[in-house]
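Structures for review follow.
Shared between the two complexes below is subunit A, which pairs with subunit B and subunit C, respectively.
On to the complex of A and B.
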């Protein structure tokens, strides 16, 4: 059985978990190709204008896979650890289904709703069942997938520590993983940071639990757990970098408020806010990032303490 | 000194809030001035650009409440971005230099009233619970009554013989509500108003045009935010049906809704999506002449409901007008779109019959 996974949204976070699970159950995994301009255009055609860029990109990937797999994997995720998800992830399954109704898509889904006690393991076991696998096999596949996921997380946390220790000037990049790790919209910015001689430090790679815990020092009532983790990363790492770069897809519900809180409460580092949309891509953002880097480099050279 | 309490403007629902605060908590209530262009300008100026319109409206309203003398602001929580309004708005107002106390109900759970108690204490440390409970009953009745009256008005105002009759009855009712001392007086005022409205002479055709209004919580309920589009349409001679209101008493329980819209959605798509889709489907099945989908620009949950509405529209051949509001939404552009929608609805009906 060929399972298609769009290389978009939470694939950029949970990818290792999902892929390992399907492979452990002898399913073939087909990934969509890295995002290109064409992906964004395709997705935009399938979306309403006002959908966020990340959602448009997702639809572009999903469409690419429709004919290339036996079933497209679309998760539904509601409540996460200590908070909620952007409602996009609650809606994603039905959004995809309704968007491609004319193509009669074969979707395979699972539901994680931690507060409704529909935890991850249960979700994976019932996913296994839908694929015709037994309970035991599904459980085993889940646990091995979990190991793969945790290895990926600790690899990333270690890489983050290395970045923080790099002997360069550093930018803490606070962005959803599917924005900053997207090949078309995020990567160019990352490369630009590197080209400026700076080291990017990815807040979304930090250890989730410690970030959640630290976040309460910055904000009390923030409802979205992924945004909360990014705030935690700001608390933990702001002192160890030279500047902070916020990168958001347009129009992003959570970021529209969370970025403002960060700007108002993280006072000890310069912050640059970049917003990416489907029309302009990264061109404007690149110019602004360049001058931000220039300013920080100059401050450093002038011997400013951070 | 009792606190001078205020809450952002939200349609006419300040009336029950005022009752709760003055009669229930024995504090003062500062009615924020009616929203104007200035409210928008203030809200727009101090809000992050990409925040949704309701954030900007309510921030502007809080600023005007402070200017009017409020010293304790209350902000609610909610399932979407609304859940984070309070904390950010408080920060923005503090950064602007205002001093005030802030009660952020994001920490409360409305389905468990006991979680509200610590918040009440902040408003008045010596409040009496029985007193508050009595006021709560009256306020709840007010909300029910206002929703019932508004529902009646939306369905009939387009057909009144004497212009202004419904508006006058409604205004009198609201005045009486403000004076009502308890639940009994609220009920009496409500019956009087409903009686009076039933007697208002109307010329309603046997099969009038019927339009359903669905969409996002704040924008749909706040006539200032949606440029009073319901009345504007109604007055062209249409029955306007809207299920979403503060009392929520016209919406069906979530479980039943999920069952009814199963053909379109497998899961709960979050926040107000389910009721939006359910109400739209009801309009479609009952042969309404059109649907208007109302939301603020960038509202993620309502955006995600749109592809479903598009499918319903295709399946049942019912026209849907999608309106997305932000601070730039102009009176004229909106009127033109409503006009065009109205013309289309009329033409379609003629073609069918």
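On to the complex of A and C.
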């Protein structure tokens, strides 16, 4: 059986988990190609104007896969460890099904809703059932997938530590993984950061549990789990970098609050906020990143501490 | 004598200065870009050359939104963003400056400095509310030359409050206030105040504004806005007569500081430059690549998102 996974949204975080699960159950995984301008255009045509750029990109990826797989894997996630998810993840399955109603898509769903007592393992077992696999096989596949996922997370955490120790300017990049690791949206920005001679330190690669724990020093009440983890990364790493770059896809509800919290409460490092839309040019981002790097360099040369 | 050329090429105007090694201005020029940056720079170079005697330009710096294009054409040693260039230029005129307000045709920014070092800055978001283009469109509506705005605003005793958050709301508010009988000078003074309120609430939101304050950009020529700023922040606001040249000054100083020297000839004012947009069809991104030619020969190209679209000069 061929399972299609859109290379968008939470694929950029949970990809290794999902792929390993399907492979352990002898399914073939088909990924959509990295995002291009064509993906964004396709997705925008299929989305309402108010949807965020990352959601639009998701639809572009989903459409690409419809005819290339037996079933499209669309997760529905209501919460994640200590908090809820942005509502787009809760609505994703229904959105995808309705968006492509005319194409009668074959979708496999996967539902995590801890408040309704549907945890991760249960979700995978019921996903396996939909693929005709037994409870034992699904359980085993889940545990081997979990190992693959944890290996990926610790590899990323180690790379983050290496970046933090690099003998260079360092910018802590606080962005959702599906924004900053997207080939069309985030990658050019990462290249711009490197072009300034700075080392990007990706906050979303940090250990999730430690970040959640640290985040309470910044905010008690933030409801969104992934945003909370980014706040935690700011608490843990601000002192080890030269500046912080906040990158958001327009319009992001959680970020509009979280970025404001970060700007007001993280006072010991300069912060640059960049909002990305479907617009083509990188000129605006280039001007802002370059001047940000200049400022930090001038402060350093003038003997201000970092 | 060694000299350094700085060019600030914005969407509306093009500014150029030539400095000697001691930061003295040897030549200066200000003209309209008229949507043709290459043509504007050619005219700029011709004008600067006629003011110079015995100086040899050894290094060029460019800034402003067309800095890359003009940097290639002039073989610039330094191609810098507007914020850094303005900060460096302002510091050369006012070494003790702490706050720079800048309101131009399309954008506005604030730069904060401490002991000669930029510590923070902010730029407006994509919306042009409260910038020069907003004032000129309102001037047209009131049948007044925008150049007279400041003078008229100063005659008002009681500025009319105008909602400044959004150009569309401001415009309907303005029409309403005029219809219920507010005088023209009160409305104009209200508009100047609205620009300041909008700036302080958006661009300068949450920033500590400390004197000395320098105000730059086209809107700084409007005395009504200058007075509204002084009333709002409670400090004097300095408007330099060379304020429009600060970006170009900064670019020239950065060129000198770079230590990179290369032969430069004003002859390029006569050369034939062409730019061409090419759609790279090698992948789905369909990048638009800009190629710059001098006398038919490719100088440089950019705009590609990946190596597939690399064009070698």
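To be clear about the criterion, the second predicted complex is superposed on the first by the 302 of 306 C-alpha atoms of A that agree within 3 Å, B and C clash if a C-alpha of one lies under 4 Å from a C-alpha of the other, contacts with A are read in each partner's own complex, and residues count from 1 in each chain.
In the analysis below, a residue touches a chain if its C-beta (ideal position, glycine included) is under 8 Å from a C-beta of that chain, and two chains touch if they have at least 3 such contacts.
Since we're looking at a predicted model, the values are computed, not measured.
Considered on the superposed subunit A, subunit B and subunit C are sterically compatible, since they fit side by side. When the two complexes are overlaid on their common chain A, residue A:220 makes contact with subunit B while staying clear of subunit C.
By the touch criterion defined above, A:86 reaches subunit B but does not reach subunit C. Contact with subunit B, but none with subunit C, is seen for A:78 once the two complexes are overlaid on the shared chain.
Look at A:126: by the touch rule set out above, it reaches neither subunit B nor subunit C.
Between the Cα centres of subunit B and subunit C, as seen from that of subunit A, there is an angle of 80°, stated in steps of 10. Touch criterion met: A:252 reaches subunit B, while subunit C stays clear of it. Subunit A has more of its residues touched by B than by the other of subunit B and subunit C. In the superposed model, A:101 lies in contact with subunit B only, and not with subunit C.
Put simply, the nearest alpha carbons of subunit B and subunit C end up 5 Å apart when the two models share chain A. Once the two complexes are overlaid on chain A, the subunit A residues touched by subunit B in the first and by subunit C in the second are 264, 275.
Residue ranges of subunit A in contact with subunit C, taken from their complex: 33, 36-39, 184, 188, 263-264, 270, 275, 280, 283, 286-288, 290-291, 294-295, 298-299, 302, 304.
Taken in their complex, subunit B has these residues touching subunit A: 48-52, 55, 77, 79-81, 83-88, 91-92, 95, 104, 106-107, 264-271, 273, 297-301, 303-308, 310-311, 324.
Per the touch definition, subunit C reaches subunit A in the complex via residues 65, 80-84, 115-121, 123, 125, 206, 283-288, 305. Remark: subunit A residues 48, 50-52, 76, 78, 84, 86-88, 90-91, 93-95, 97-99, 101, 109, 111, 219-223, 248, 250-261, 264-265, 275 touch subunit B in the complex.
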